[in-house]
Amino acid sequence: MMLNFLINPNKFNILADIIFKPLLIIAFIILILGLILVYYSPLDYQQGLTVKIMYIHVPSAWLALLTYAIMTIYSIVGLAFKIPFSFIINKAIAPIGAIFTTLCLLSGSLWGKPMWGTWWVWDARLTSVAILLIIYVIIIFLNQTFESREVKEKTVAIFILIGSINLPIIKFSVDWWNTLHQPASISKLSSPSIDISMLKPLLVMTIAFSLIGLIIAILRIKAEILIRKRDL
Amino acid sequence: MLLINNLSFYRNNTIIFEDLNLSLNNGQITQIRGKNGSGKTTFLEVILNILEPKNGDIFWEGKNIKKNIFNFFNVTTFIMDQNTSTKKLTVLDNINFWKGLCASKLTNADILLLLETFNLLKYKNTKVMYLSKGEIKKLELLRLILEQKKLWILDEPYNHLDNSSIEILNQTFKDHANKNGIILFASHFNPSINNLEIIDFH
Amino acid sequence: MLLINNLSFYRNNTIIFEDLNLSLNNGQITQIRGKNGSGKTTFLEVILNILEPKNGDIFWEGKNIKKNIFNFFNVTTFIMDQNTSTKKLTVLDNINFWKGLCASKLTNADILLLLETFNLLKYKNTKVMYLSKGEIKKLELLRLILEQKKLWILDEPYNHLDNSSIEILNQTFKDHANKNGIILFASHFNPSINNLEIIDFH
Amino acid sequence: MVFLKKIFLFIKRESQIFFSNFVDLCSNILFFFLSIFVFVFALGADEQLLRTVGLGIIWSLLLLSSTLSLRKFYEEDFNNGVITIIHMGGMSYELIVFFKIISHFLFVQIPFLASIPIASVFFNLPIIEVYNLILTFIIGSLILSCLGSISSSMNLLNKTNFSIGSIIVLLFSIPVIIFSVGINNSDSNFNNLINLLIGIALIFLGIAPWSSAAFIRLALRNK
Amino acid sequence: MVFLKKIFLFIKRESQIFFSNFVDLCSNILFFFLSIFVFVFALGADEQLLRTVGLGIIWSLLLLSSTLSLRKFYEEDFNNGVITIIHMGGMSYELIVFFKIISHFLFVQIPFLASIPIASVFFNLPIIEVYNLILTFIIGSLILSCLGSISSSMNLLNKTNFSIGSIIVLLFSIPVIIFSVGINNSDSNFNNLINLLIGIALIFLGIAPWSSAAFIRLALRNK
């Protein structure tokens, strides 16, 4: 099985050791490239310089959602097929998701001040992201609370599953309610309604963010595996 | 017949018991003894599938109980060290609830008689929270007779009982064994029952 | 010396006991026996002023305990049928709390030795909620030695204890009696203690 | 047949416990009214203001008051082992949870309905809003019962005070609140929102038994 | 000296129980924030409206969140007899209650203070109101701890769910709320109101130990 590393800690460790250094270099290069592209990207005729917040805001928003989606999938896998590695991954990547969510919130409200005139509005998108952050925080709490490992892992997994209801709400909140927030313009499936000159740096930055997330994730997962081995 | 095969249980990586083999035949009364913390209660809970064994199997009448746990529950009465009676309801309310739960065929007269023998008749409309410890325990033990199951599993049934109740309980055990029932209980008490099999937990 | 004089107690107008007279001398071990619901626990609680007697008085060393209840508490250890250890704290945390509460003079080495004799040493940093029933009971009984009081009042101390712990408890009782202590306990168990005075509740 | 009888017995026992003290039933409602007073005093008695915020306050206080009654959903039955007994009587944990939810809905939430019209009077709410409030509350309280089941079964797991359960109830009831209050916006589609609420209720009626049963099993295993 | 040491021990034990799980402390605060979310959604996100009602909502929710943590004030210690043991160790019930209140104030209410400024941001409250809020909350939360003690000792008396305790907390906290919120009215005398609040706090610090102790004694007698 090619994809065995996704559910087997040993295979994961082997693969991680192989790809870690190249990954580090590639992530660094892409990040630099992305920053250069952002620097030379055109200014928006309305928003001026503040549009550059987008290159942090949107990737971190996407990654916050992606991280949660990954955790949801692993929870299902872990509960249904009793694969312990999924719990390890869940525990390892929850803080990463929390960081991305915080980044999204912070950059969003930084952007909101010049655009909408306030740091915070009670709009469905913003609130559902705040709820996402709370869910992440609860997950991190839960990982700290229980003394018994079995209880901890299963509770967290079940909680992640219940919380995944929030994902579609975040994603579609801009369509379901008329809100201040930008409706999907890039992530529309048919044709992105954004200029190619802004799309390119955005995509590069997204890749850079994902790689950085991946690197932290690998480190944390390896540490988790070690902790678990020590406990056994 | 209850057959326990190579049962092991670990709690947080510390071994509680390992490779335990045991067979309980019809008509047999078995007592588990052992030091405090030796895992008696844990063992009973593993048999009843409340705790999951690390490995090993349990067979009832030749069938692995995991296959259909409710078939096994259907023949088993479990009396814990706790009191499962609902404190806010009266003695009779509790009994009626248990009776319905196990579809018992005892008539009301039978139940009043039972209460009489256990000296609980005068409390039949008292809420359980107003009974003394021993009375609550006796009410709990009524379930043995009420449920009319074949396998009885009990944890520390003798605690709190006075001498005459201990007599009654012993008699009940013997009667049940004579009717081919199987009894397994954990206790530190030394009851006067003939043919009592004793298992020592190290 | 504890003197109980014409003590009566009613619960909701039903008499639990009436005109009870009793004197416990120094060095005397007294057991209360009686049927379930005969009022043993109630009696102990009345002595400790948790329940108020309908009439009658209790004298400690010639003084009515009601005059200054804290003087009486100062010489008394009461071990209930419940477990007063705090479930969320570890064994040592609990012990230290009790130790401070009674200004006990035991050193840490003494306490570790005590834990050792009761076979609890390995649990010293375990939270109480993870102990077995018997272990919790033993922890509770540690208070007897910890508090170094003269009068011990216990409700069902033998429940949940294994044989070796029962031995230790008996020995502890005897030692205390030899040191002129007074022990009063309610139990259905028949401990092997010489010179045990037995009071029968009707 | 025997099985139906068991279910009936279960619900009968629940009702006996609930009704064993009639005052219990009233206390939640009293709590609800008192918290309305608290709010009215905190906000100041500007009539116009009260009418604007009335619906929102009633809904959120209904929510908070029922969080109060949710805490002991399973605790007692779990601690003294009744759940095990019922389970051994032939009901899977999922079924137990399901009927627990149903009986909570019947014996705790429904009586609340009676208090809604009275509460509305305090805020001079228009009749159409009261009607909507009652309708949404019937559905919403079913969701709350489900959430309560999830949360209190989760609370069984840790023997500490951490009231993660109550937090979960609040967390997931936010969408319920949004839809329920939003129904009074003139520009929102009534039927759509009601359907959405019913949809959420059905989702939770599916999720709650499954997850609560999982939590209860876990808790039993680590008691 | 010995006596002081006992008191110190008592408070130490309380803190150990509270801190035995740090997450516990946070959960009440999380609950508070979530209930703010609930309210904001229920009221609709009109910024002007939010600013008007913000203070009132924050205060009433602080109140409700601490009611949640109040329910178990004595329950556990009472049920397993620790209260009797402590009493027999030489502390009168009044003293036990008093130090229970103090430790609740220290370990549960004070951490709440940290959350007030953050909550104010959500409502865009002016800085002076935030300052007043914190000041009144320090005094008010002491009153709440006293009320909590009274209410939960009262709850010991009946073994049913009846939450008469929470109702009492709400009832008596209405004046606290009125004064605390009223402090921001430009035409009210700041010092007078603060003095009034301090007065109420002192009164309750006198009443609470006495009445709670009476309830505990009653409860012990009818256990």
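Order of writing sets the chain letters: A, B, C, D and E. Residues in each chain are counted from 1.
Everything that follows uses one rule, which is that contacts are C-beta pairs under 8 Å (C-beta built on N, C-alpha and C of every residue); 3 or more make two chains touch, one makes a residue touch a chain.
As the structure is a computational prediction, the values presented were derived from the model and not from experiment.
For chain A, the chain with the farthest CA centroid is C.
Annotation: B-D is the more contact-rich of the chain pairs B-D and A-E, by number of C-beta pairs in contact.
Work out the mean CA point of chain D and of chain E, and you get 25 Å between them.
Distance between chain A and chain C, defined via averaged C-alpha coordinates, is recorded as 60 Å.
Remark: chain B and chain C have CA centroids separated by 30 Å (rounded to whole angstrom).
Averaged C-alpha coordinates put the centre of chain A at 38 Å from the centre of chain E. In chain C, the residues that touch at least two other chains are 87-88. Among the residues of chain E, those touching two or more other chains are numbered 20-21, 23, 27, 30, 34, 37, 41, 160.
In chain A, the residues touching two or more other chains are 127, 131, 134, 138, 141, 145, 148.
Chain A contributes residues 118-123, 127, 130-131, 134, 137-138, 141, 144-145 to its touches with chain E in the complex.
Across the interface of their complex, chain C is touched by residues 33-37, 41, 81, 119, 131-135, 137-138, 156, 159-166, 188 of chain B. Interface residues of chain D facing chain A in the complex, by the touch rule stated above, are 150, 154, 157-158, 160, 162, 164, 167-168, 171-172, 174-175, 178, 203, 207, 211, 214-215, 218-219, 221-222.
By the touch rule above, chain C contacts chain E in their complex via residues 48, 50-52, 70, 73-74, 76, 78, 80, 82-89, 93, 97-98, 100-103. By the touch criterion stated above, chain A contacts chain D in their complex at residues 124, 127, 131, 134-135, 138, 141-142, 145-146, 148, 150-151, 154-155, 158-159, 161-163, 165, 169.
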